[in-house]
Structures are given as C-alpha cells and as structure tokens.
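Look for chain A in each of the two complexes below; its partner is chain B in the first and chain C in the second.
For the complex of A and B:
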C-alpha cells in the first residue's frame, strides 16, 4: 500500500468512527504532509467531523508534517504511533501543539494504545 | 522544514520573550534571591547573578543550535537521543520532568507562606491544597489559562521588581553596608551556582519552536528574556540587601517580596506583591502541569511509561498523568511546608538544570560530528573547546549546588536524593521499559499486520 492509499484508508477509518466524527466536529484544519525522501506532498482535511485526503500542495495549511515516506506510511497505517518517530527526531511538525495532540489522539482512538 | 506554502498560524517574537521570561519567573525565585544574597554575603549578590547570567547565555546558545536543528516539543528527548543515546535521553527526561514537580512544590510552599502572612487566621497548608486543587481541576476540564495571561505575567512580575526595587534603592536612608557591591562572601561560588536557579526555565520556550515559522526567533527571545530576568531579579536582590543589611537576618524571611513591597509602597506594595506572587505561582502550576502531563503522555504513548498514563478523559486531557503529577507536587509541597526544608528544592533544582546545561554542551559537540550536514539556523559559539569548558563549569556548579549547605546538620540531602533518582530511573529503563515495549510489539503484531 502506498502513502496516498494509506491516507485514504486512514480518512475512511476516521469517518466510520462516530466518536471521532463527534470529537472533530469543531476541528476544521488543513494538514500538509511532506515525504522528504520522495519530495511528494499530500494533504489531509478535517471539516465538520469529516476527514478527506489527497495528493498535492496544501495552501495555508495549519499543520505541516514532514518525514520519510516509510515513516509517514507506518504512522497512517497504525503500525507505529506518531510519538515514536517524533521523539526520535524522524518526524518534524510545524503548527499548534493542540493540533498535533489532536492528530495523535485520532490515531490512538483508531488503533488503541 | 522547508515549506511550499505560507504558514497560517505563527507566533511573534514578543511571545518568545514573554514565554521564556514568564516560565523562568517562579515565585520560588524570591527565596532563591535570599539564598544568593546570604551566600554572597550581601550586596555582591548582583555580581553572582550576573556571572550566572553570562554562563546561562552560553548555555542558551547551545539550546538555540539544538532547537534550530530539531524544532520539536520533545526537545531534550530528541536532542539527547540523537547526540548521545536513547538510554541517557530517557533517564535525563525522567530527572528533568522531576524538576517541574520541584518547581511546582516550591511555588506552592511560597504561596502558602505568602497567604499565611496576608491572612494569618488560615493555615498556609489550606491555601496550598486549595490553589493546587483549583489549577488541577481547571486543567482536567481542558481549560488552559489564556496565553495572554500566562505570558503577560512574566512582564508584570519583572516590571514590578524593577519599580519596587528602584523605590527601595533610591530611598535617601540606604545603609552603607548595602553599598558594598563588590564584597565577596565566603560562599560566593555557591551563590553563583544557586544563581543558575533564577534563570531556570528560560529554555522551556524551546518546545514551542514548532509554532514559530522562523527558528531564529527562539534564540532572540531567550537572550532578551535572560537580560530582563537579570535586571529584574538583580535589582530585587540588591533591594533585599538594603532591607536586610545583615545577611544572617535573611535566613528567616520566607516572604521577602512582601517585605520589599512594604518598604517600597507601604500596605499597597505589600498587597501588590501578594497578588503578583499569586499570579506567578498560579501560572507556574498551570504551565508546569500542562507541559509535564503531556510529556508523561508522550512517554506513555511511546511505551516508556505504562499505557495507563496515556489515558484521556472526555476533554482529551491525559488525566492519569495530570493527577499523578498533581499528587506528587502536593505531597512534596506539604512535606516541605511541614519541614521548612525549601532549600532542598532550590539546590536540587539548580543542580539538575546545571547538569542539563552540561549535557546539552556535550550534545552540541557530538551532533557536530554525527550530523555535520544537518541545517543549523543558529550556530553555538566556540564549539568544541568552549563547549567542553562549559560542560565542566556547569557540572562543577551542579555538584556545588548539591553540596551547598541546605540543612541544620549540613546533610547533603539533594545529593543523596538526586543519586537515588538517577539510579531508580536507570533501573526502570533497564528493567521495565524493555518489557513495556515488547508488550506493545506483541499487540501491534496481533492487531495490525504490516502490509
């Protein structure tokens, strides 16, 4: 599964989870993802509780995440938690800490501890 | 990180300055000033603070380089992991987080005494439980004090210190003994070591790096804040030396800021200082608990701590981590209040920070070798020679803080405590963390097969 497919599956899992939709109903954010080794960019959008994903640049993103392609893939497939590469310096983020925490919590609610 | 497009939410330089100054300005700093003046032998305490400040600026340069390379809220966890190894990173992370508990407990101790002085009929212990409980409750509900209040308090405190201290110092009847600005007491080096404590927390602005678009804002903010802290607390310590010309008399003052306030503006100054002490301590509680609980949460997510610490309440707050830290802070605050051994907290806190500054100097040297091509928006000065000198000086100051007399019998309590804490953390990392990580790998394999 490539990164785009992983992101689309992630978005689908979020949308199928009623608790997550409820939690994110006021969390409207645009997230840019940059795979540093392949120089590919993707975006995730949260709007009124629904998540969508796609390839390409994100204009005026609130949160920017960069890491190697395999790291991003593993995070959005639930193989690793975002915290692991983040605490190792392999995942860099630009944005509000509350938004980063929210993204981590979303992965926690989908894949558990 | 290079960005293809504009970044929507950015923080200004003002926030970097106010956050750095605000986090360093704890209510316990007033008592640290008393200790510095006592060790320095009076008015020369300002010189001890200045020397400590210069050393801290050099430490700040190291933090700036590391922060520019890895602008992350995980900060020391990332830097030490890459610059030394994961084991040292975990142990130092635990010890560093403990410093937050020290500072919260110490501020609760100060606040208890301030309120007991202001409202003598109610025990200080009651105020400690009430106010710490209030902040914990607010945090559990996911409500964080507005950034403006949190940040503005640093400026309010420093402005108050400058104005009140000037009023005391410019009084026509300043005693001659208070003008011995260069008379060095017998424990002057210990005064420098404890002087480090005044600046402790200035670097806690680095975890906010992700919220600034330009990484160079953080070093600028830190250095300006250090200058403001040096001026504010330097003047306050001088004013203390005027109010207490006999350094020995300082020992018995647990509310020096109220006394300086009283000397400056009478009852208005006294109550003004009560309010400033309250806001300072409350912002320390709030900022300390919010930051440390999320640090504990992140370690639990990584399975360095038990997963229970990553449990969230309905407001998405890591409640177990928050409650654990609150109870530890409260317990320590009550213990210190009952025993009066507050110097223990100051000396242990100053030591932990000094060791941390020594370690970051070593990390800068190591990363220059390990990752020479990594982008560095800020270059620390004099690497590697000055870095090694700084590492030795800060290590020596840390040991000096641990050995500084802090009890009636001269028992080195902070030294014993710190050795035990490091040993316990190391044992935990060796014995418990591998089990937690193995447990996680088993769960991950069962639930999410790798594609």
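For the complex of A and C:
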C-alpha cells in the first residue's frame, strides 16, 4: 500500500476543490504523519489554501498524526473516515483539536456521501 | 406534583428550580448541570430514572434534524439510554415547530423583516429556524463551520447548508460531544483570539445557540436583535450593555431564566404523556407555548 501516493492524490483532490481552497486559505500548517508499523514519516503542508505532501520528517509540525500504515492509507484514500480509528484508539493525534477536526472535515467533503 | 429534571452538560452555575402551573397541573422543574462530565450526567440520569416524570437532556442535542433526515449524536444516545423507565427528551420535538413560529411571529409583528441580514451562528442544530428565515426571504449566513470548527467559511445558501449537513453530520455525530460544542466551564469563556467579528458586524439579526454567540461576540452589538435560546438575567443585561436593541429568547423567561427546549419538551411529556411521535403533539406544543408566554408576560 503506497501511502505517499495516497497522500499526493489527497493533496491533488484538495487543490482541485475550490471550496476547500477557500476554507483553507488562512490555514497554514505542517502536519507530520508517522506510520508506526513501517516507521516511515511523511508530511502534509497547507499554505494559503494549497496542500502539498511528501516523504520525510516534518520539523516543527503543528499537528502530529500516527497510526499503522494501512490505517493512514485508508483515511487519506477515503476508504474509512478518521472518526472510526480515532474513536477506537488506532489513530493518535497530537496538536490542536481544531486542526484535527478540519482534517476530518476535509476528508468528508472530498468523500462524504 | 409532577417533577421534571433537566440534566445539562453545562455549568452548574446556571442551576435553578421553579414550580409552575401549566396545562392545569403543577410541576416542579429543576436544572442540574454536570460541568461537561458525561459520566456524571449518565449516573445522574440513572439515579433519576423512575423517580421523576420526565428528563430533559440539556447542553446536548440527541437528534439533529435537517431536510427530512435525522442524525443521532452518539454521546446523547448513550445518555438517553441510561434511563429505562422515565422518558428522556432533548428538545428536538419542539425546535422544529417552536423556533419556526418565533421567526414567523417576529416577522408578522414587524420586529424583524427580510431586509435585515441574519447571522445564524449554527444552523444545523436548528434547521427549523433557519428554514423559517430562508422561506421568508432573509439573507442568512450560517456559521456552523466558523463557530463549531473554526473554519472561516460562511455558508450562504440553504442548498449548501443541506449539502454540507449531508456530508458532515453522519460522521460528526459519532465524535465525542466535547469536540463539537462547548461544555462545562468552556461555556463561560470567551474565545481569546476572535477572528470572526466581521460576521457579527454585517448582521442585523444574530440567531442561534447562545453559547456560540457568547464565545464569539464582539464588544459592541449596537442595534442588533439577538434571537437565541437559554439565557439568564445577567446574559440579557450583558447583551443590552453591548448595545443590542432587543434580546428575544425562543423559549419563555420565567423567574429570570429562559427554559431550554429540552425542559419545555420534558414538561409537555410529563404533563400530557404524549411524545412528538403521537398525534396531537403539534397542537399541544402550540397550546403550551401560548400558556408559557402568558406566564412570561404576567
């Protein structure tokens, strides 16, 4: 399961969505994603409404998300919502609640209903 | 004497007790806040179960009803199921009718009119009120994403509100309630960095949940009409001191407190034995509304 490819597709979908670009226009954040089982790290960056993604450490990330590789892959591919693994304790988040909520909302607006 | 208790996730600083006559019966109504503690609310409901006539769920909705669809908040369901014998209601049986009627009444009596822009700080939790504004041609900004999630995105049409509700609510209702809405001491705090004053400034009518209004309102509310739910004397004095022209509560003010819709619904269930699923519920709601607002006036 290629998590990086999923993250890049996720970023592309956000960028193609005019409403999400407007929502994120003032949301400038660096997000670290740690796949705990493979010990691989990735990042997502939101700046002036545009999202980018890449491999590697995210120094000074405002939001840190960790879960197994398959859980992260499934969240950022729209296969599952973040709520389910979060409520089950399979998705750990360090950072502001608002930021996690926003990521939740972004995924729902891309894949919801 | 019948007894109704509202178990509220809000602060216990707003607790009160009042005895009143309604529909020909005397009833004692009590509010008990648990300061955001869900476990405490659950055990209190278990203790009250079977010993009171109806229980209201305050500071939390069980159901969000939008455009014919009903979404159930998981934490509220858990609370409601803590009672096996006494009916537990959240006010949704009233909101859809009562809050629509308020907009109609205020429009018909020329207190408000469709040329006045409306900020509904949250519309997904009181879609009946939002629809009443839309149907009468009011220009409504729904601030659900702004005030519940701090995403600076005003919802400008009924269609987009419904679309967003359909996409977001099925998952949002599964989240722990404290992530969705201020509970306990958080209800008393204003947000330190408030970037959303522009939405208040642009509106003539500020409508919706009072805790969102209180957390985000600017220092001045000159000439604005506030249409909201549960407030105290102190809340209304504070709104007036900031320049609000009028403060209208959707539920009646009795002994200095406006009752939550959950309290009124619990009252009706306790006194009539009917629930919103029964025939005659809407008529009962209308009758109780007339009586309760008479009490307010007297």
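Basically, the second predicted complex is superposed on the first by the 111 of 113 C-alpha atoms of A that agree within 3 Å, B and C clash if a C-alpha of one lies under 4 Å from a C-alpha of the other, contacts with A are read in each partner's own complex, and residues count from 1 in each chain.
Methods note: a contact is a pair of C-beta atoms (placed from the backbone, for glycine too) under 8 Å apart; a residue touches a chain by one contact, two chains touch by 3 or more.
Computed from a predicted model, the values in this text were never measured in an experiment.
Superposition of the two structures on chain A shows chain C clashing with chain B. By the document's definition of touching, both partners, chain B and chain C, reach A:97.
Contacts of A:66 after superposition on the shared chain: chain B is touched, whereas chain C is not.
Residue by residue along chain A, chain B and chain C are tallied for touches, and B comes out ahead. In the superposition on chain A, contact of A:52 is made with neither chain B nor chain C. When the two complexes are overlaid on their common chain A, residue A:87 makes contact with chain B and with chain C alike. In the superposed model, A:77 lies in contact with chain B only, and not with chain C.
After overlaying the two complexes on the shared chain, residue contacts for A:108 are found with chain B and with chain C alike. Looking at the shared chain after the overlay, A:23 reaches both chain B and chain C. Across the options 183-191, 255-263 or 327-335, chain B meets chain C in a clash only at 327-335, per the superposition defined above. The residues of chain A shared by its contacts with chain B and with chain C are 23, 81, 83-84, 87, 97, 101-102, 104-105, 108, 112-113. Interface of chain C with chain A (complex): residues 145, 149-153, 164, 166-168, 170-172, 174-176, 179. Those residues of chain A that touch chain C in the shared complex are 19, 22-23, 25-27, 81, 83-84, 87, 97-98, 101-102, 104-105, 108-109, 112-113.
Of all residues in chain B, only 1, 3-9, 70-74, 77-79, 81-82, 207-208, 210-211, 213, 294, 298, 301-302, 307, 310, 312, 316, 440, 443-444, 447-448, 450-451 touch chain A in the complex they form.
Contact residues of chain A toward chain B in the complex are 1, 23, 32, 34, 41, 57-62, 64, 66, 77-81, 83-84, 86-89, 92-97, 100-102, 104-105, 108, 111-113.
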